[in-house]
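Chains here go by letter, A, B, C and D, matching the order in which they are written, and residues are numbered from 1 within each.
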Amino acid sequence: MSDAVKNSAWSRAEMAAKVAAAIPEGWYVNLGIGIPTLVADFVPATREVVIHSENGLLGMGPAPAKDAIDPWLINAGKQHVTLRTGGSYMHHADSFAMIRGGHIDLCVLGAFEVASNGDIANWATSVNDTAPAVGGAMDLAVGAKRLWVVMEHTTKDGRPRLVDQCQYPLTALAAVDRIYTNLAVLDVVESGFVVREIIDGVSFDELQARTGARLSQ
Amino acid sequence: MIDKFVTNMADAMSGIADGATVLVGGFGQVGQPNALIEALIEHGAKDLTVVANNAGTGRAGLARLMELGRVRRIVCSFPRSTGSVVFEELYAAGKIELEIVPQGTLAERMRAAGAGVRAFYTPTAVGTKLAEGKEVREIGGTNCVLETALHGDVALVECWTADRWGNLVFRSSGRNFNPVMAMAGKLTIVQTQHVAELGELDPEVIVTPGIFVNRVIHVPYGDPPL
Amino acid sequence: MSDAVKNSAWSRAEMAAKVAAAIPEGWYVNLGIGIPTLVADFVPATREVVIHSENGLLGMGPAPAKDAIDPWLINAGKQHVTLRTGGSYMHHADSFAMIRGGHIDLCVLGAFEVASNGDIANWATSVNDTAPAVGGAMDLAVGAKRLWVVMEHTTKDGRPRLVDQCQYPLTALAAVDRIYTNLAVLDVVESGFVVREIIDGVSFDELQARTGARLSQ
Amino acid sequence: MIDKFVTNMADAMSGIADGATVLVGGFGQVGQPNALIEALIEHGAKDLTVVANNAGTGRAGLARLMELGRVRRIVCSFPRSTGSVVFEELYAAGKIELEIVPQGTLAERMRAAGAGVRAFYTPTAVGTKLAEGKEVREIGGTNCVLETALHGDVALVECWTADRWGNLVFRSSGRNFNPVMAMAGKLTIVQTQHVAELGELDPEVIVTPGIFVNRVIHVPYGDPPL
């Protein structure tokens, strides 16, 4: 990594905060495991955003204090959570009706790869993995009104995660609308990836060099 | 702060376009969103497709909307019932289109719309007039008809209590089609008898979570007629 | 009608009572409009039979006293009813899931005609009626585990209602299991109608003469 | 008098046959019918197909059932999770079959089974490995996969309170797959934390009406592990 990238690359928390800042009041939002889960912490308590968890919670709240854990109240990542005032419980078919019926305004997921046509690969770590865990990823990627991805811009060994065509098994076709990486914010439009923001000190050309598909500005 | 309450019917009806498909809750006189239907009459939208279990009775409410020539087409399970005089007249005169759907298929088609199911196979109506022209396919030894999801541009819903997030509970047989239509409507408008503070409704007993609701108006109109 | 038929034909109440006597404790039962509705009155209060009404009641009770009517509580026939202890309310899709998913042990319907292969015609009064009201009849006829029909053995002008082939528009194919008429109880089996009981003073041949399909004993 | 309560596990498990498809409720550690799973181990049925969200963790419960070689096939959305050691071993050794189903499709397939929908079209999984070999069809401009109803011969369900008619309510996220599986099981067996007198459960708040339940056993086992 160049020094500029090293110095100014967004942290996981910064990526989550950026996503949170872009979520308006009143949206129904499902947050995937990993960085997406952190997003909830950055939505100000004064802004009512309704978090959905696919195991049957609408209006999920933050993690409880250690001495106030309700053992019956977990989220899709099996973490103990709380329910906000105004929240409700539902069974799995009703919960996924919200997702699959297009009622979730936004889903935020992690991913291994996103292609310039919006294809997403986020469930199987290799084409040889014959028992990967899909969970609700395919339902969410297809069903939510908007799909945003949060991920590192490249793999640890520097291979791009934004690509012309996904190499990993697909989760959904042409589903991603926006990507938050540690280096940039990009939208996926008809013509491919459009850069909306880059971290300080990194040029468009430097970002392009770390990306496996053509970027536009 | 999320607040789905509107305080007047003009706001409640805002944006309902000519040509819209309007789902209307209620079964018999119970759970009917009468005030919303009156407001829709006032609002003026025309060329409507109405989805409801019945085709209206008497000359008020849905029947009035039809009598004013604002309904091009009705989708229902029970068009001809006691007092469905307006429908009968319009239908005899060729002034209204009718799609009859078995009541369970009607509910399931709207539930499918709300749940992202695009179409489904059901054995109901196989071999009858109501399956004419529809794809029939054998699944696991049973002949089934292919039925498609039935979306509403608008759903008009009546409930017992609502809060500002649009969480709803219903009363007794007033529940009927209302929660299903709330799911299936792109714009779901609710009239509620009672208003609860947020948090007053137990999260375990909310029947329609607010995600399915766009607007709520407080109309404490009382009991259905006996 | 012959004198024997006139004298001993079962009344509507007797037909309903016969149906009620055949319903064991614990069955979930949906009763159609007309004579079927009367069946509930003949189930002894000590025998727990759970009545379903397709507008979202499970555990329907008898009609209320005039001064105890709940205007919010009606059945599928739009009559004011009560809910038994143990009953519950559900929305239309859940209610019809009970019917269509094969959870109702018995549905009792009226009919215009039943054919010897179990076809039932009960919704459209003529082939020329273009706006008949089907309600939940098709769902019930197909979905319930058992379908029993209660109807007069013949039309008012003496035409048989039990026939080789229905003339009226069909409600469902091969759906009927048993028929209670004012003259007899019949099962529908592979080979057609089988007579289980005939009213007093009427012979098998006399019943056959009033029937539009071959009967067996 | 209808009384669905049984007082011992042998009666609860009675009739579960070799080769049965068994739906097992729960998500994570919450709402899992642990006592019923133990009883199924004791009961001895083998050659089972198990439908559950996960493929078991640790070496108890579902994992133990698998380790004993009693599960021929597992249908789930999330086979590989922290602690799914037994599944991993059996799968690597070719001793268990696996069908991976997207979690929403899994829930919807069981809901379909319970509701009499024989098959349905969904856009979920189109263009992915999980749609391989399945019919794909365009409906209203969207490519959809045909998915079939998923019935259980048996459903094992955990709930918070039950009455003698088999009416059930759940607690918080313990609801999850339980009500859906109750609908989809031919023989639905429930373990309940609490017992209510008939009529104690408000008819407006019953989540699973007794029509979907065959047997109930009182197992006040307490909270899921933290």
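Throughout what follows, a contact is a pair of C-beta atoms (placed from the backbone, for glycine too) under 8 Å apart; a residue touches a chain by one contact, two chains touch by 3 or more.
In UniProt terms, the chains line up like this: A, C = 3-oxoadipate CoA-transferase subunit B; B, D = 3-oxoadipate CoA-transferase subunit A.
Since the structure is predicted, the reported quantities are computational estimates derived from the model, not experimental observations.
K.L.:
Figure out the least number of contact steps between chain B and chain C, where 1 means they touch directly.
P.N.:
The distance in steps between these two chains is 1.
K.L.:
Between C-D and A-D, which chain pair is linked by the larger number of C-beta contacts?
P.N.:
A-D
K.L.:
If you average the CA atoms of chain C and of chain D, how far apart do the two points sit, in angstrom?
P.N.:
That pair's centroid distance is 35 Å.
K.L.:
How many angstrom lie between the centres of chain A and chain D, each centre taken as the mean Cα position?
P.N.:
It comes to 29 Å between the two C-alpha centres.
K.L.:
When the centre of a chain is set as the mean of its C-alpha atoms, what distance in Å lies between chain B and chain D?
P.N.:
The mean C-alpha positions of chain B and chain D differ by 33 Å.
K.L.:
Just give me the whole-number Å value for how far the CA centre of chain A lies from that of chain C.
P.N.:
55
K.L.:
Provide the list of chain C residues touching at least two other chains, using ranges where the numbers run on.
P.N.:
Within chain C, the residues that touch at least two other chains are 83, 89-90, 93, 96, 99-100, 143.
K.L.:
Chain D: which residues touch two or more other chains?
P.N.:
Expected reply: 108, 111, 115-117, 122-124, 170-172, 204.
K.L.:
How do the chains pair up in terms of touching? List each pair.
P.N.:
Pairwise, the chains that meet the contact rule are A-B, A-D, B-C, B-D, C-D.
K.L.:
State the interface residues of chain B toward chain A in the complex, per the touch definition above.
P.N.:
Result: residues 1-2, 111, 113-117, 163-165, 167, 183, 198-199, 201, 203-204, 206, 209-212 of chain B touch chain A.
K.L.:
Along chain D, where are the residues that touch chain A in the complex?
P.N.:
It is residues 27-31, 77-81, 87-88, 91, 98, 100-105, 107-108, 110-111, 122-130, 170-180, 207, 223-226 of chain D that touch chain A.
K.L.:
Show which residues of chain C lie in contact with chain B when the two form their complex.
P.N.:
53-57, 69-75, 78, 80, 83, 89-93, 95-96, 99-100, 124, 130-139, 142-143, 169-173
K.L.:
Which residues, counting only chain D, touch chain B once they are in their complex?
P.N.:
That would be residues 108, 112, 115-124, 139-140, 142, 144, 148, 169-172, 202, 204-205 of chain D.
K.L.:
What residues on chain C touch chain D, complex-wise?
P.N.:
Those in contact with chain D are residues 25-26, 28, 48, 50, 52, 58-59, 83, 85-90, 93, 96-104, 143.
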